[in-house]
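In structure tokens below, several structures.
Heads up, the next two complexes both have chain A, just with different partners, chain B and then chain C.
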Partner chain A sequence: MLKTQRPPLDVVVVGAGVVGAACAYYAARAGLTVAVVDRGPVAGGTTGAGEGNLLVSDKEPGPELDLALLSTRLWRELAERFGAAMEYEPKGGVVVSATAAGQDALRAFAAGQAAVGVTAEEVPAERLRDLEPHLAPGLAGGFHYPQDAQVQPALAAAHLLREARRMGAELITGETVTAVLRGPDGAVRGVRTDRRRLDAPAVVNAAGTWGGELARLAGAHLPVMPRRGFVLVTEPLPRIVRHKVYAADYVADVASGSAGLQTSAVVEGTPGGPVLIGASRERVGFDRTLSQEALRRLAAQAAALFPVLADVTVMRTYRGFRPYLPDHLPAIGEDPRVPGLHHACGHEGAGIGLAPATGLLISEQLTGKRPELDLAPFRADRFPADTGTDA
Partner chain B sequence: MPTSPSEPVEAPQSARYDLAVVGAGPAGLAAAVTAADLGLRCVLLDGGRDTGGQYYRHPAPGLGAARPDRLHHGWSVYTGLADRLAAHERAERVRFRGGHQVWALERTADGFAVHVTRGPEAADRTTVPARSVLLATGAYERQLPFPGWTLPGVVTAGGAQAMLKAGLVLPGRRIVVAGSGPLLLAAASSLVTAGAEVPAVVEATDYLGYARRPGVLAAVPAKLVEGAGHGGVLLRHGVRLRPRSAVVEAHGTERVTAVTVARLDAEWRPVPGTERRIDCDAVAVGHGLLPQIDLATELGAATRTAPDGAVGLRVDARLRTTVPGLWSAGETNGVGGADLAIVEGELAAHAVADRVPKPALLRRRTRLRKFAELMAAAHRPGPGWTGWLRPDTDVCRCEEVPVARIREAVDELGAGDPRTVKLLTRAGMGWCQGRMCGPAVACLAGPGEPGPDRRPLACPVPLSQLAAGPSGEG
Partner chain C sequence: MRRTPAELVGAEPGPAHHIEFDGRPVPALPGQSIAAALWADGVLAWRTTRVGGRPRGVFCGIGACFDCLATVDGRPNQRTCLLPAEPGTTVTTQEGNGRADLAV
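Presenting the complex of A and B:
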């Protein structure tokens, strides 16, 4: 069945996760006519399985940190309007180190970050418990990152989409994109779903972990691979964890490309009461099998940071698949190989945090403005064609 | 690091069980003793202290109940199974492990690792290795919320029976029994027998569903006798049956003092002008049972939707699920009562032992299953029940999520399925993990058939036990 749209679309955003929602929001705000299409519901993929980390603390100076800093500013603007609805909390992060050598490494890392605008305050061992009264004794020290924040990812996506719809965007859920339409010149002309055709001169690939598949439909190679993660959720507790707290080895795990299981507990409280404990990383395709080893390590590491957690009950666990690109940078911007195809995917575990910056940059590119950041590091054609996927 | 308590090893690798049966209700008990009869080494695991499950729940010995049989239909069947179990335990063919709550099944190279928590009190876990697993985890009650349902004094129909069976206590003196399904008559009958006054049994259907297939009913005469038995008891106590009606509101401040009952149309919409108030000090309400299948769906087992909309496991004639080595008997395959559960337990044990059961057993299962489907179809909730909700009625009582918030998520935020509603409202994220509000949320989320719930942890697990890791693993 073919349906034609009444107002011609300027852009079709594929993916109703937080990145797609941010793309739709900023595009609609820029005056574009937008349709968002997703084969599932709003926030049905990785967004719905995310913790909502808005972190600058774990990023070394470079293009990803530039994105994160831009996003930090944009999240603050968004929070003025939707903060409570999205459960935005500018709670700050605390990175702790067990050893003096680890603290030295953190200090060097923070100095580099400070040079590009990250606020990081060293916390000596004896003052750690002022920030986090329940931290384990014997830690060597830590750093406090007041710019780190938290948001409830599904609510963030839903409210950005609601706002986009108020500005005229159309949301189509439960429809699968089956083809990316291209003209004789190779340029994008829209998409076909299992129910209709959506004509538009631009398509945004915000399909997250499935972004490689969408790129393939458009004839472009983009090796997005799933990197599985588990999160533990405790029973509701009084506020015993105030910041996002994690151990220094988290940074190394995020930066690693290993396929093997890595865990480094990131512990945080939520407005609802439960404490969330992430984050494991392993590349096992889309295997949903519960990993006893991942659960064991997350639980043990969380209890090592906060001994009080050993006495609580874990109510549930969930898993998700982060969209991983081999160099840990997302693909953002128009694909030089396919005019009109704009990528906004592959953010791995940072997609919630980086969503507003991604959306803003895409909308600037779509409206012919000069993007606020140089998009060259995020070009989709940076991967050789033989970079395989393990999905 | 938390120190992990040294874990008892249930069975060394060499002594891996042939079969781990999860759940010691009618299906699990029957399966374990039959499997032992057939020469399998079995372990029977249950979260409760004793065998019997919900159906054969019985008082703790300290209460000195002289006649637990008076509360139970088919008590002798239970004692027969329990005696056989005891004999097998003495001969070390079966081990019963009470207080063992299974929270996950893990597939291993040669079978399963059954992950067990022994609760926060015992504060330890154990891992039971088994070549195959039989799921006999039964069912839990389906609840449909109504204004006032969170008031003290409003209990589930099954909960009222459980209180009676386990503690010999009544939830009140004057108890309205409401909802839908055969459990209502059984519950009302137990309550009046125990001395309560039951001013009304309020049943949402008209029972015509049964009449449409008289042949199926006639094929299971015991069911007619059972129904007639409850009916006789209720008649003798002057209990009024109000078909095609529902409790649409419970009144009271400290606790329930009265309910409003209204007639329902064929779609279960309350008919305006038919409301009547009934004074009471308790309400026992339930809308049938839902299969408890988290352990299997987490492994990817295929499911089917029964005529009442409940999602159960898909099994073949030998009670095999679609997961190799995983079997399922009783309510997990679609709710059908204790008699069917026992038959399926026996059949599954035969299948696990690779033995051919008596044809009569197979025929009996077919008859009882047909009856179960008929019963399910008769009590399927009509879509109009949401008509008795108000915007401020809490749907998820753990997280206190009212109807209005769920409608906002659906109408404004683009949620069209239960999982997205949960993500956007927290409905189903509390202690019961959506077992209480799941059916209601699914109805409010949209027209689609609900898929199976996914709960990677079938029950809460102390963090220290997760941190300790599995025991006895190679």
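Presenting the complex of A and C:
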């Protein structure tokens, strides 16, 4: 057992994914003494399996869109310092619909978003190829969302953590948290890992898809479940897709609670050259088996959207497990049941995008400031104890 | 005495044929990969990198590293270490991603 030899910690962040990294960054910037602990490496879980979507376009007005808009602002600030290193690209998104009815639905969706500050410009069918020359002919139209952006998620997590460490934070990888320590009053006093004890009056649960397990160690119920997704990676290509481009049914898939396989093409280029093709969703626990059906559907849908991709080689594929909470909202903020336990998990497929807002809100709460957004919709005790059993 | 891999393993290949590399004939043996045929002919590089334009040829030789890419029979990004050097195969040095025509 290693001895604790450091100034007293203000907070232990559990999880070195992008959300934990953002929590550590904003907490350190606010002057707190921070330790980050993860049982794996930096970005070793869902962050490392993400596409780096920073989207407002797929969110309806409500608490999640509020978070996304705050994050959009914060990503721009971060990009001024780390933009190139994180491969930040304010490329904008283009949502396309195949039918007139789909375009009507997009129009109504965009009108609702415009009321809360989302910029969306309708793109008539004949102008779609001005934005994306390789798009398939015959689409009914689309919407352009200039606020959508992209980062390379593992780089984003790494640079946020590097900056947090520069401000004094400690990063501990390869150590598993085995207990959340609590005092006689029930309040958090730190964590125990398989190698040491870290005393702190606050613990941030940034354990992503495994956030439910950490909550359980603290005696709190939080039904985070894995929602599997595959991404196809093509051979390196020149820039053939300029924006984040996805089909309108993606929004419906994201909002669905179905356990069955859903796929809708989300296509984007990367600075490295490969085109990334998502997005599939299915609830199959932590099953890492390759799903040929998911890959086949993703490839077919991407090629239907961009016929040029039909002749392109898919080099590899990877999968990840989104941290899914039954109402599709993350858990952010102090747990009313466990004083000192702050949740920052359950962002499903939006965790990269929502990381900075989550980190800032947590740091504001930790330092006794009034958080910029109302955290009530994200309360961890909103789920009755008998919900959330996964198939 | 100079020993070749074929001698070391006691190979008895059939008669050689030719593939085409950047417009000139290169001898190849039945069953040989494109990369092996190019190497045997003294060619070490048949691609330039996307960013720096530097030369690349075989690195791993077993299909894992994607370093040995070339344009084969008009298709870019083919792993020459996995493709057989069949009679008439046409190999072209690949510049960058080999898909410059698709850029928008």
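The rule is simple: the second predicted complex is superposed on the first by the 388 of 391 C-alpha atoms of A that agree within 3 Å, B and C clash if a C-alpha of one lies under 4 Å from a C-alpha of the other, contacts with A are read in each partner's own complex, and residues count from 1 in each chain.
In this text, contacts are C-beta pairs under 8 Å (C-beta built on N, C-alpha and C of every residue); 3 or more make two chains touch, one makes a residue touch a chain.
Everything quoted here is computed from the prediction, not taken from an experiment.
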| query | For the three-chain model obtained by superposing on chain A, do chain B and chain C clash or fit? | reply | clash
| message | Quick check for you: in the superposed arrangement, does A:219 touch first (chain B), second (chain C), both or neither? | response | neither
| Which superposed partner A:124 touches (first chain B, second chain C, both, neither) | neither
| said: Taking the superposition on A as described, I'd like to know which of chain B and chain C A:8 touches: first, second, both or neither. | reply: neither
| field | Which of chain B and chain C A:313 touches, first, second, both or neither | value | both
| request: Could you say whether A:186 touches chain B, chain C, both of them, or neither, answering first, second, both or neither? | output: neither
| message | Taking the superposition on A as described, I'd like to know which of chain B and chain C A:62 touches: first, second, both or neither. | response | neither
| Comparing chain C with chain B, which touches more residues belonging to chain A? | B
| query | Touching A:285 in the superposition: chain B (first), chain C (second), both, neither? | reply | neither
| message | On the A-aligned overlay, A:31 touches which partner chain: chain B = first, chain C = second, or both, or neither? | response | neither
| field | Partner chain(s) touched by A:168 [first = chain B, second = chain C, both, neither] | value | neither
| request: From the options 7-15, 25-33 or 61-69, pick the one stretch of chain B whose C-alpha atoms clash with chain C. | output: 61-69
| request: Across the two complexes, find the residues of chain A that touch chain B and also touch chain C. | output: 235-236, 313, 315
| Which residues of chain A touch chain C in the complex? | 132-134, 235-240, 242, 273, 308, 313, 315
| field | Residues on chain A engaged by chain B in the complex (per definition of touch) | value | 16, 41-44, 48, 154-155, 158-159, 161-162, 171, 173-174, 232-236, 272, 274, 288-290, 292-293, 295-296, 298-300, 302-304, 307, 309-319
| task | Could you please specify the touching residues of chain C with respect to chain A in the complex? | result | 50, 66, 76-77, 96-97, 99-100, 102-104
| Contact residues on chain B for chain A in the complex? | 1-2, 104, 106-107, 113, 115, 120, 298, 300, 399, 409, 412-417, 419-420, 423-424, 426, 429-431, 433, 455-457, 460-464, 466-470
